[in-house]
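When the chains are written out, they are named A, B, C and D in that same order, and each has its own residue count from 1.
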Amino acid sequence: MAGSVFGTNLTISTWGESHGAGVGVVIDGVPAGIPLLSEDIQKFLDRRRPGQSAFTTPRKESDMVEILSGVYEGLTTGCPVSMMIRNADQHSKDYGALEHVYRPGHADYTYAMKYGIRDHRGGGRSSGRETIGRVSAGALCWKALNYMGIFAQTFTRSVADVEISEFKPDEISRNPLYMPDQKAAEKASKLIKEAMKEGDSLGGVVECRISGVPAGIGEPAFQKLDALLAQAMLSIGAAKGFEMGDGFLASRLKGSENNDSFRMENENVVKTTNHSGGVLGGISDGSEVCFKVAFKPTPSISKPQETVTDAGEDTTITIAGRHDPIIVPRAVVVVESMAGIVLLDLMCRGAGSRLENLEKIYVSVD
Amino acid sequence: MAGSVFGTNLTISTWGESHGAGVGVVIDGVPAGIPLLSEDIQKFLDRRRPGQSAFTTPRKESDMVEILSGVYEGLTTGCPVSMMIRNADQHSKDYGALEHVYRPGHADYTYAMKYGIRDHRGGGRSSGRETIGRVSAGALCWKALNYMGIFAQTFTRSVADVEISEFKPDEISRNPLYMPDQKAAEKASKLIKEAMKEGDSLGGVVECRISGVPAGIGEPAFQKLDALLAQAMLSIGAAKGFEMGDGFLASRLKGSENNDSFRMENENVVKTTNHSGGVLGGISDGSEVCFKVAFKPTPSISKPQETVTDAGEDTTITIAGRHDPIIVPRAVVVVESMAGIVLLDLMCRGAGSRLENLEKIYVSVD
Amino acid sequence: MAGSVFGTNLTISTWGESHGAGVGVVIDGVPAGIPLLSEDIQKFLDRRRPGQSAFTTPRKESDMVEILSGVYEGLTTGCPVSMMIRNADQHSKDYGALEHVYRPGHADYTYAMKYGIRDHRGGGRSSGRETIGRVSAGALCWKALNYMGIFAQTFTRSVADVEISEFKPDEISRNPLYMPDQKAAEKASKLIKEAMKEGDSLGGVVECRISGVPAGIGEPAFQKLDALLAQAMLSIGAAKGFEMGDGFLASRLKGSENNDSFRMENENVVKTTNHSGGVLGGISDGSEVCFKVAFKPTPSISKPQETVTDAGEDTTITIAGRHDPIIVPRAVVVVESMAGIVLLDLMCRGAGSRLENLEKIYVSVD
Amino acid sequence: MAGSVFGTNLTISTWGESHGAGVGVVIDGVPAGIPLLSEDIQKFLDRRRPGQSAFTTPRKESDMVEILSGVYEGLTTGCPVSMMIRNADQHSKDYGALEHVYRPGHADYTYAMKYGIRDHRGGGRSSGRETIGRVSAGALCWKALNYMGIFAQTFTRSVADVEISEFKPDEISRNPLYMPDQKAAEKASKLIKEAMKEGDSLGGVVECRISGVPAGIGEPAFQKLDALLAQAMLSIGAAKGFEMGDGFLASRLKGSENNDSFRMENENVVKTTNHSGGVLGGISDGSEVCFKVAFKPTPSISKPQETVTDAGEDTTITIAGRHDPIIVPRAVVVVESMAGIVLLDLMCRGAGSRLENLEKIYVSVD
């Protein structure tokens, strides 16, 4: 399937550009019977909405979702759920100066090379607005997952060099950076403000922890739970790295340090530690599913940069317009959304992994 | 498609267990006209073969490939290429003791949970032997890529804490660890020998650099070049992390430091630096495609470990048998293979990305 | 991928129900550079619009398409093209009486069995309105195909027992039944009027002939040109049969009668006859691609019918409301649309079928 | 995915040419727990084996299957099942004369156009031997389906103009034509013998009836049960037509004649008639799933035929070698196999179609 389509049994198809009519998503293969209201989607969208703090672009994006299909009397019907968010507050003229210039760190040059044509306004398809469709789909998936006792905590782990040193879940929603450590959040805020003054930007790391995932989710070989999470995460615009569990740190440990021992606890198999991040051989092992995603600093900065024009001439640009000094806080909900999509898709598929499951569904009906 | 199948236009389907009849792969969608001999495959397989140094398992695996279809008079025909490698030297009894025990760090427990049944011998499907199919397919893809001027250098970047401090390509094949830095290789060798003495194991990081990739390869959104590389890499058994270009380091840089400037050089657009690792917006930008993969230490160690039986009882195991003290050197060619599969698949797909390309192929024929 | 998604390199995702907010489609993998205006889509939609003759439902569906993404300055950009058509003129109350009754010949019962829930209004997702997304996508594909010299003639071959006995292409658009034979059209019209009087309905056969298809389109084995056409056609609501070339008639011929001889004509290989319908081994052979699709009579009839309620009681229903006495004329453009989608998708994929094609696109650029 | 790969959750990948090392299939996504022995596969393969009657090619193909993976202690493990059948009795020289000539009715010309290269021996990939992989996979699927109470009766409905006039299931395996009507079989036998004498060939129609399919199988829109069956059937080499239920006949009926009434019977919803062939809206309705497939006469005939060489010259060929005078009897098991693959794949996928099914499998475990 084509590049803007994702998933096997649960298939999402996102569309839309920064400065077109709107953005949206079609989600097909949604299990029937999930309670769904616009508010469920809106709550997720609000988490990525700009203009909410000093650290996000002052662009006003109301981003009101409209559910166009697939829901009847408050429940999903099993038919495709189409959702659309109209674009508004477009300053296309802001981008006029960039029509013939390739912005460093952006996809301007590569889209031109691939397609021989590009919509330069606001990055077109490669804009961060593309994630709105993902978040809408993710909100829907998390409704179903929550229903089955699966919950996520997603947060900013670090901003530049400032890393959290404690994990207080309640703190996450109390600061605009979504950090579970108040002091780290304060330190990071200062750093961001300094970068803003310099016309510069920062990056950081998002972490996601998912509890309640039953053992047995994930398809061996190429569609391992961690492989699909890695694809999903690296598919987010500014993502540059992915770690499952301990990630790169694991490469520095010995086997005896890195292996997680099993033991019995209340008649359940549990792991004493969770270096693996909740997967073994690409299949969930019943412990918390944990991973991290590294995001580069926002490429749009107002400092002057060397670059070239599409006519092949060297030039210097200064990017005006309204940009996030850091992508990370708004990426938190995108990471969570993509994880939800991956998980629900794998659960739908795995439902047919044993002959006895098929019998349970099709034969015991009699 | 199911989990052991990978790719869109170029689709590979791997099969086989550690202690079954053999392992293999079917590659479909192979462009016609690629010169292919068994030797081309064998050369790749030999790079992952055990028993070649003190640092790999002394198991003898001759791993002779048989090309069963899709090649006629030395050229691929466009039809599926099936390749098989018979298993040999099987010590199934070595695993008898493990029939009812879940090995820490292995997929024993999760396969049992997912399928309700498992082939415990040597890890079954989750064994490292599963990568033989990948390497066979990768060898084929690299034949085509080389033909188009695309070449890879893949090597061990670090073993535990020992990281390379220089990059001498010629050195890579001169040491059994595939490190491009002789001194680092020596230091790492010592470390591995110590771990072996302790009955322990080590991990490390593999790096891959691909030159000659034209700008424009990669499909936006979910099938970005980096997203598919991430999936491909995390799908390798012991992989725990992935970095495109600077990866996690990018999250610590400022935008002005991380952005790669463009400039003209001999009428070509080039980048002054390559923090991005050769992609922008998920599409190749014409510079070197670079990424890193973190591998955990081999989970099979002879030190005693706490675990449980499939009857739900705590126990202790000591894994005998013949195991690699470190997976990394043998993973080098697996990483390169998966990269080749991803690249050729994306190139086949991208061939239809412009109406003018279709005209070039179908209409200009007249 | 899920059921409302179709295609490999060119992937369409349709959505929408009869009585929801609207219907639409997202088309991804569209080659960049196709000239596209709303009018191009509208022209196709108008061919399936009801209310245009005595033989279609008097429902007024204005069906104005809105192109929401993927087009910039009149050309496709290679990004997903999203199109939406708002529903209007909804008589949901017409369906109140049917809330708990399964209509014979409709999908009411099977949707209830599959999903445990259904949107009964107007057939919900299984309504004929679902084809609007297909037609919108088809219009786009035919723009590209026409550009490459590929053209379709699609028409009604028979209505009940009335079959055409001559083929005058100009006649097709002159009668509301889209028959290329004026006399047959008149005879068929009478038949339909009689059926309408009886509160009954009729079926028929649609034929499609496509000229200009270069030899070499279609993927062997499961994704043969004819196999994908068969899937595409049987996926249309009321379709019950498919014939490639001579179809069932071929099963009655001898090999010597059915084989199409080759001969040279102006240095081209041509076929003396075209029993095969333009494919050999599932790959286009350069002659006209011809196939037929059988459509059942409209299941919604006003004659009383025996059926059951969702509470498991026998009952009788009389379907009021506004229904087509025959689906065939409106299905003509749906058949043509699906054929265009299949063809363009296969052409995009086939672009990578030879190493020399890849070189043409990627290497000769230098 | 590429052309020789088929299926969504259950994915088969077939490979092999007529005169290469062998043919085979990899089936991935197989539910764990299906009892499977080589004999189960062999029984199916024997039904398509040549040399068993006067009406099949006297070529000896022993066609012994080897199961290479995915089965442990007699049960499928959920891992890919690879099966191989070595080629034997190859008369490659028989085809020397055809190296530069395009046989009418065969894929010689189209493969040459598509790939620029072809393996001319015995049709290479487009040979009937390609179906061995399909039949092996089908045998496996039917093991699981039978286990769930789903059974098929597949038979020859007509040979040229000779159609069955009664249906005696027991008769099917008693005559080499697999016809459920002894008299028709005798009449057809005579016809075939006459055709053989003339150096000519015949076609016919295969019918398949599947009982025990629960209501609710099939994915709306493009992956309807009938749409996937149509694709699967037209993907068989010589297939030219497909009918679901009454097929083309339905296009001649009135709505009141063609609609199947529902009524209650022992608290079950049943249909009074089954014109629809067991599907409504592309989803199984609980009644028998019935369809027909038309096969053209074998294209290989010994009568002289006009054709061209690959150098572009007119010529005449007489095809020697050993060929089936009719494909139909050997196609019976291929049709049944493909139907089983489609059904089991759809059942695996449909297992996730309701939130309550997911709960049944994942949540109730606790």
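Definition applied: a residue touches a chain if its C-beta (ideal position, glycine included) is under 8 Å from a C-beta of that chain, and two chains touch if they have at least 3 such contacts.
Treat the numbers as computed from the prediction; the structure is a model and nothing was measured.
Chemist: Which chain has its C-alpha centroid farthest away from the centroid of chain B?
Modeler: C
Chemist: For the chain pairs A-C and C-D, which is connected through the larger number of C-beta pairs in contact?
Modeler: Answer by contact count: C-D.
Chemist: Between chain A and chain D, what is the separation of their C-alpha centroids in Å?
Modeler: Centre separation, chain A to chain D: 43 Å.
Chemist: Cα centroid separation between chain C and chain D, in whole Å?
Modeler: Here chain C and chain D have centroids separated by 25 Å.
Chemist: If you average the CA atoms of chain A and of chain C, how far apart do the two points sit, in angstrom?
Modeler: About 37 Å separates the centre of chain A from that of chain C.
Chemist: Enumerate the residues of chain B that touch no fewer than two other chains.
Modeler: As it turns out, chain B has residues touching two or more other chains at 1-5, 8-9, 14, 29, 32-33, 78-79, 111, 114-116, 125, 214, 220, 350, 353-354, 356.
Chemist: Which of the residues in chain D come into contact with chain B in the complex?
Modeler: 1-5, 7-11, 13-17, 20-24, 26, 28-29, 32-33, 66-70, 72, 75, 77-82, 84, 111, 114-119, 124-125
Chemist: Can you list the chain A residues touching chain B in their complex?
Modeler: So the residues of chain A in touch with chain B come to 1-6, 8, 14, 102, 104-111, 113-116, 125-126, 130, 158, 160-161, 195, 198, 200-205, 214-224, 226-235, 237, 239-248, 250-264, 267, 269, 272, 276-277, 279-286, 294-301, 303, 305-308, 312-314, 350, 353-354, 356.
Chemist: Give every residue of chain C touching chain B within the complex, in rising order.
Modeler: So the residues of chain C in touch with chain B come to 8-9, 29, 31-34, 78-79, 144, 147-149, 214, 219-220, 347-363, 365.
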